[in-house]
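One chain, chain A, appears in both complexes that follow, with chain B as partner in the first and chain C in the second.
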Partner chain A sequence: MIEIAHGIVGRSDLPIPEWLFGWAAAVVLVVSFVALAVLWPEPKLSRASFRPLPGLSRVLHSPPVDLLCGLAGVLLLVLTVYAGFEGSQTPTANFAPTFVYVIFWLGLVGLSVLLGNVFKAFNPWRALGRAVSWIARTAARAPMPAPLSYPERLGHWPAAAGIFLFAALELASSDGDTPQTLAIAALVYSVIQFVGMALYGVEEWTERGDGFSVYFALFARISPWGTRDGVIGLRPPLAGLADFRPLAGTVPLLAVMIGSVTFDGAAEAPIWTGMAPDISDFFQTLGLSPEKALELTFLVGLIAAIAIVYGFYTLGVRGAQSVGGGFTTRELSRAFVASLVPIAFAYVAAHYFTLLLYQGQAILTLSSNPFGFLASNPLGEVGTDIFGTADRSIDYGVIGATSAWYWMVGFVVVGHVAALTLAHDKALTIYSDVKLAVRSQYWMLAVMVGFTSLALWLLSQANQ
Partner chain B sequence: MILLAHAGHWLVNAAYFVPVVGFLGWLGWTELRNRREKRAEGQAADR
Partner chain C sequence: MSKAGRWGLIALAVVVVVAAFLIARPGDDDGDSGNQAASTATQTSPTATAPSAPKPPPDGPSATAIELKDHEPVDGVVDVDARKGDPVRIVVRSDVADEIHIHGYDISREAAPGKPARFQFDATIEGVFEIESHEAEHAGKDALIARLVVEPS
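Coming up: the complex of A and B.
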């Protein structure tokens, strides 16, 4: 539905058929599983050491850095909204769509995995919430009332809803890439965040209810950079996920994260392009306009993809439960949910790798001319060239199609091996019997092989 | 010929999922075998 927010892959000349890459990836997973069973007999990640770096922490957590990062985030939000309303409504000419769908939505995933939870520092809603909170505390003559206690049952459900609605805007809405639509969406999201922060407190809401904050924080747990007791430090990669405490709604959130990318890929497949017109026709017979019918069709597809991902994971969990150990499905579902995070990363990285590399370059042009107007404009709109890069074009030769394919397969394989490692380590902590732990992981291995096969099939659909 | 062409297209797509189907099949067969062995052990213990 949205041209800009989609992976760009050209035809590649490969030495073997693409489906054979899937078989090879499955073999890699099986070999990894055997290696883990033999060479990893005790949990390591959950007992991993943490090396605090107090000097670096003092600098990065200092009030001036805190203020500057928050200010940068707020300015980028204001620019996105302003450009969205006042700039050209051509998606590729305006700053807002490329910034939101490429730099923010994709670029921050990579930065989070590499450098840790950088979004926390730049989160504009958190920055504004803290600023308002500080002003209110300073101006109040009496102690401020305490925020409401965040309900345990709410958990990550608001975050899951937020990410789902963003995915729906991106993948189902007919004007999800229109700058004005994005500006309105940003304002609506801001209002929701402010209400949540007012009710439950800035940090409590940010860590549980703010969809983007929770989303990037999950990926940040893959990173070797982490924070413990407020001090930045180093840990083994994935260790941040080993001590992750899932909440209500965490599994649906991961299903949305993986399912949305799944649908984005599957939307190009003949299986979808063949059935979508029929579904749309059905909705038109119910009285919907062709445009709304198509939007609803894509929304149904998105929900179906999320449900399939959720169902497949639940199948694996039920299988793991069948080997014994006395755990309920809910307990096991939450215990292994952290292993879905590397899979979510693999999906995002593989599917959007080329989009980030190509369309990501456009931010240099758009930063100089965020409104997207031409220099000589008969309508009187003013074009700008703030940094002297307004005429810069995208270099599509930065990576070849074949190299891109190998990178994408690499992301898929590494992500799923990481997921397998996490699940194995977790099983060793919750099962008293090592053999039972390994047997339970047969089912997790089936889930990983399934997601690997699905990921490579999705990539092949875009590769035609 | 068109049917064969479509079948070829479907076969290529299905090839991606052979590993997971095969693995699930093996898992299912292993579970069935384990349950049969447990049932046999239980019957032997009853005697």
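Coming up: the complex of A and C.
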């Protein structure tokens, strides 16, 4: 067995025990049937209240805060790239891999769900884009409209592609955790963002085309913190998703989000560890080197997982379409896609909870010594201890395996309930007939139960 | 359904779910954990099954032996099973000089022909931890030689 993914950590979770798996699966069924019986007959989330907080909004949107957050984001990007090129190439010793894969990619998901769209303020590409456009406008003393208007057909497709490539780098590339690879990837991604912003405008591109912006903004819609007419305020949790307007490519984006976590989980399961060597051998007979064959194998697995998630959702939508109401598959597919966001969150939270909790601690050490050099070595490279935390080690006692299991199962069950609630609410808004709405929900219920059972199964298959 | 009926159904569902959890959850020493302990003992740390026996000598039958040939495990990647709190003994023999590292516990030991790397520690952290050959890692090869699996006690 060859470990590719998460080469930065040498620890992984124990599979959840059989009894907990059985219990959680039973809970999912009980919850689903109770939901059918008790959920409200009128849409509620779509007409949810919004309490604006103008005072808080003024402070958070004030130019100094805006500038400081943007600057912090840019500095972190620069540090990641610089440490990636100049620092130690041992993934665990260098700041870049842990910062990118753990703090940024996982930590920001949790932060978005709790506090709303935090990334928008710290987004380094948006900050640089706004700075450049401000300079250009000031120099020209005239407004500078974007040369092109963002095409409707493009929608979330660039974002879906961006997240897919990032997942492929993390899960399929054999040197995806190498600091230098990450630095190059960050630069390439930055260039693409600048081109996108130059063509379509900073905000227009960032909201639709920048994969990370779209990714974190989707999770932020779960949170009670939102913005309406430019003012920050509070709303019921999930209400942000009820208002969400899907674009072209949103459904594939969600399939990438759920499918990539699915693949990461399944890659530890016997179903994949048994199959992968055969596929890899096949690619070798086609003349690929063992390393390339293995990378291609994992890429095929990743694509297959995404395709399965997409196919399963589409199947449920076709079922819902069959109950009547005169909707096209595409209309229904987009209508219900927001209910996949809590599912995607449940997948990420359950699968990466302990990675964030344990490896996340390493950032204390790494921020004191971002290049990861030892105190001194023959090449004259000198380690640093900026915050006095360079010698800290990871405390694996913060949570035991049993508590971790309960948290993981908790995330999955709560995600399931949230998804059902959203789908139900959406059905009530789009179907004129309540009976039709409920009948369409048998199909969506089947989809949600399917995704949730898959999540539980993945947790029970870890490291088998 | 009336509002009271709805809340009643939700309350009933919560009661059922909580009761099922309490029934399903294994106690400290019921059959399930006993079985797992027995299967554990087949692979490692028989000290747990024979607490009255005198301490076996290091490198005795109680230690999990791993043999490396050219930095690769002869018997494939095995799991070294333990329960939290159990003593763990691992002996790694290598036909070439190597350094063996246990992740999480962060213990490294040198191994050389005729001088195996000996590990002896208590399994204090739950989870699955990789045991790696540093030489294989430096050579860019698959470094995993075994996994330490520590279940909750």
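Assume the second predicted complex is superposed on the first by the 419 of 464 C-alpha atoms of A that agree within 3 Å, B and C clash if a C-alpha of one lies under 4 Å from a C-alpha of the other, contacts with A are read in each partner's own complex, and residues count from 1 in each chain.
Just so we're on the same page, a contact is a pair of C-beta atoms (placed from the backbone, for glycine too) under 8 Å apart; a residue touches a chain by one contact, two chains touch by 3 or more.
Fair warning: this is a prediction, and the values are worked out from it, not measured in the lab.
Chemist: Between chain C and chain B, which one touches more residues of chain A when both complexes sit on the common chain A?
Modeler: Partner touching more chain A residues in the overlay: C.
Chemist: Mind working out whether A:P43 is in touch with chain B, chain C, both or neither, as first, second, both or neither?
Modeler: So A:P43 meets neither chain B nor chain C here.
Chemist: Have a look at where A:P246 lands relative to chain B and chain C in the superposition and call it first, second, both or neither.
Modeler: It touches nothing on chain B or chain C.
Chemist: Check whether A:A26 is in contact with chain B, with chain C, with both or with neither, and answer first, second, both or neither.
Modeler: Touch partners of A:A26: chain B and chain C.
Chemist: Is A:D13 touching the first partner chain B, the second partner chain C, both, or neither of them?
Modeler: After superposing on A, A:D13 lies in contact with chain C but is clear of chain B.
Chemist: Where does A:G400 make contact in the superposed view: on chain B (first), on chain C (second), on both, or on neither?
Modeler: In the superposed model, A:G400 contacts chain C only, not chain B.
Chemist: Looking at the overlay, what does A:W457 touch: chain B (first), chain C (second), both, or neither?
Modeler: first
Chemist: With the two structures laid over each other on chain A, which partner does A:P237 touch: chain B (first), chain C (second), both, or neither?
Modeler: Touch partners of A:P237: none, neither chain B nor chain C.
Chemist: In the superposed arrangement, what residues of chain A touch both chain B and chain C?
Modeler: On chain A, the residues that contact chain B in one structure and chain C in the other are 17, 19, 22-23, 26.
Chemist: Which positions of chain A touch chain B when the two form their complex?
Modeler: 17, 19, 22-23, 26, 270-271, 319, 322, 442-443, 445-446, 449-450, 452-454, 456-457, 460
Chemist: Write out the stretch or stretches of chain C touching chain A in their complex.
Modeler: For this pair, the touching residues of chain C are 1, 6, 9-10, 13, 16-17, 20-21, 24-26, 32, 77, 84, 103-104, 106, 124-130, 132, 142, 144, 147, 149-152.
Chemist: What residues on chain A touch chain C, complex-wise?
Modeler: Those residues of chain A that touch chain C are 1-3, 9-14, 17, 19-20, 22-23, 26-27, 30-31, 34, 37-38, 354, 393, 396-397, 400-402, 463.
Chemist: Give every residue of chain B touching chain A within the complex, in rising order.
Modeler: Touch residues, chain B against chain A: 9, 12-13, 15-20, 23-24, 27, 30-31.
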